[in-house]
């Protein structure tokens, strides 16, 4: 993907977050209805990525490998379900972003969550989760292109994975909870929700960091081998 | 899987219906509306899911109670104080009432999602979104195939490793090893899939789209019906027929307001649509069956 | 009309010295059925891939491949997709989407047909291939045979002029394989579609083929009608002769032992084969004498022809048979502790599910090579997994080397006692090189020596530094076997060890197994010929249990359908000839 379109996408995201913040600021104006607007915004936020992916007319190889990685992420979630609080999905999505670029990372995150929710339960939170995990793949993809995240810098990569979950994925999901619970918990400020979500996000972030620490390098090696062998 | 009744309508129609259902349920803060949405969602879920639906609906009860009681704890506004606790913190009737209504709204949305889940199977969603985003739709279709396929891979890898005792003591490390084995295997397989796609002309020009779903007369009728009811409900809302204020005073529009009556009727009809379709079809079918 | 014309094609993969294809010249006519055979690594697949641009490998290429007069590289993408159909080996991985109907439509969608056209074509295909019953299913619910049929149907939906099949039946069980080949034949006869096929089970394809092309080390060494090619392979003593169908091998085995000239019988030859011979003659490199051609007329291709040939051959002599049976010891009385003993195993996958094992019992004597045969989905593989404790039967007793299964501590059982070679060797590969794979199994100072020793035994010493996914299927199998053998088992369980392997790989597998002393082998297999040739004891598995057990010869000579082609061909004359060698020996004694 060219730098220009990444910049444009980043612009979209900033705008989106700004609008969300404005919504948050005015949340007191009423109850029950902000969730819908916010959700529509989030769905709108996914569009540029989807359009980007479609416009690029992905080759058979790309589309298959993105699907393979998404399916692996979904299966990994099920496989590790016996370890309490350990969710490797975000980590694997980030690896996808690193290996196949920001847009593919976003698409993979989005689709993994969508498919995974067929067993975990679809709900009003689905679009938010799709967007949040898509962002994780996207962020990792950009950081990889800037050579900040890298399979050879395991600690930095793991730390950044942790930060992406705690600063991006977690807060986005908390915002969804906030809008959904809006009014039900009385005069609660968004900050209370963010604070209470912090511990869960930290645990998920740690799981992601562990995933990246141990799986990032071997995953990247395997993916790079395939890319090299079949010239993708 | 054989589907019947409402589920046989065109997925787009079904999707529009559910989108409408959820928007209406979320936007109408009114005790009567919330109650109707909740009851209809439950009935509908029992209708499409069968007996085991009771279990899930039962599981919603404690959540309902928790959410209903949470509001007055956090929210002390309201005129009628039921009791005070913790040195004078008030527990008010209005807040409790409001909590119950919000909880009913929330739970009804969740149950509507259960119904949605039952009817909007993956391939229907694929039909809707595959049209808008073909590459994404194709990827989704592949993932849906690959997830169970990889599940089988994991099982056979795990068994194979166990049978030569290289599975080790640490289950987490072993699962990671299995994941790695699966990844290598899956990537190689993916290359064959992409060859197969190219062999069948993927990427040789504009793709068309085939689907087993089509728009029939009954779909058009249903969408007109849905549209009419939605317009009616929006109008009644605009005329303040479905308004309710709880704090600090309870002020709810009631039967004295004719827009309330109209709006409520429209909502009942809207929410009951799938059940009516399913039941009519079942009756019709049992009648036809007696003639076989 | 010429469909394909291959002119002086040579090809070399990057960073490899030996050419994969050397100076290939071949013309393929419209409507022909051509079988290409050769050992693994002889360049069959590479040749096929040059006929279909999207899968043509990259490398140094010279020469030309013309499709209807146009070089294939210059073909328009759509034309190439629609006119040249390509079916690959693995039924699973060729499938793209999750629904049967969507898969059928995939190619047509790529070509941009409108919905109405696609609906009609898909309906046509579903009816022609008998898919309508599973039209709405998820592809994951299909059996391997159904999946491969779906792959074929989804390619035929585009109405290709030529169908290229690269070992399409190698991953299927024999019944699904013969169904598939029947369908291919039907397509060739009814639609006139040209078929170009590679196969290692020549049994099912040779009699349908107009021409056979034999490849060795990247060259075409023979090309012509099946009988001519058989003759030639025999004359040149090529080891490809081992891949010929049993009737042909028996024929050559018997004829070559006779000094007297052949007696040429009157045989009606079908239109197809006489045409094929004519064609073959035109292209055959060295012209044949009339006599030789006559002899090749007599060679039987199928069991039916084989039966009448055998009858003529032996009854012509005009006397009763001197010997019509081979000596065969009875099933030995059981002495000592059996290596594996299982009694009344009952198993089901889920509480509400149906029983898969229904009182299955077995007793495997120490040091024997024991084979279990039976149809697909009868529970054979489940039985194998239950025996080694990976699945837990809800009722029944299992003893391994006299000790009950549950008396073994965790890990003890699979360390030196029992080991299983899985059906898919890929399921054992985690590392980057074959050497690392093997080192994963051994610890201590002698690890390297152990690995080198086992690699030599399993004939993979030259592959140690390669990536396990960069080597061929048979080599992967041997690597997996080496890995399994590093646990130094006294009992080896094998699940379909010959799946997808050609005769040469099977022989090398057997030679490896024979090098191991005191090893008890229990194998589950579809491969009747393999079991008949090498197993000591054979059991039939049906409906969740073993229903009969006998020595291999008695077992197969007692069956009339589920038996080797050699037996089916000779059972009206000989009592218990099971393998080709049996038939040849008995024939010689009677002539």
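Labels A, B and C are assigned to the chains in the order they are written; within every chain, residues are numbered from 1.
One rule holds for everything that comes next: a contact is a pair of C-beta atoms (placed from the backbone, for glycine too) under 8 Å apart; a residue touches a chain by one contact, two chains touch by 3 or more.
Not measured: the values here are computed from a predicted model.
Set against the C-alpha centre of chain A, every other chain centre is closer than that of C. Taking A-C and A-B together, the chain pair joined by more C-beta contacts is A-B.
Chain nearest the geometric middle of the protein is C, using mean C-alpha positions.
Separating the CA-averaged centres of chain B and chain C is a span of 49 Å.
Centroid to centroid, with C-alpha atoms defining each point, chain A and chain C lie 46 Å apart.
Chain A and chain B, compared by their mean Cα positions, are separated by 22 Å. The multi-chain contact residues of chain B, meaning those touching 2 or more other chains, are 122, 138, 142, 144, 149, 180, 184, 188-190, 193, 195, 197-198, 202-203. Touching chain B in their complex are the following residues of chain C: 52, 54-55, 77-78, 81-82, 85-86, 88, 90, 92-99, 101-102, 105-115, 118-119, 122, 136, 138-140, 151, 154-155, 158, 385, 388, 390, 411, 413-415, 418-420, 422-424, 426-430, 440-441, 469, 483-484, 486-487, 493. Residue ranges of chain A in contact with chain C, taken from their complex: 221, 225, 229, 231.
Within the complex formed with chain B, the residues of chain A that make contact are 31-33, 35-36, 50, 53-54, 57-61, 63-68, 70-72, 74-76, 78-80, 82-83, 86, 107, 111-112, 114-115, 118, 121-124, 180, 183-188, 214-215, 218-219, 222-223, 226, 230. Of all residues in chain B, only 22-23, 26-27, 29, 67, 70-71, 73-76, 95, 98-99, 102-103, 105-106, 109-110, 113, 116-117, 122, 133-136, 138-140, 142-144, 146-147, 149-151, 154, 171-172, 175-176, 178-180, 182-184, 186-191, 193-195, 197-198, 202-203 touch chain A in the complex they form. Touching chain C in their complex are the following residues of chain B: 122-123, 138, 141-142, 144-145, 148-149, 153, 156-157, 159-166, 177, 180-181, 184-185, 188-190, 192-193, 195-212.
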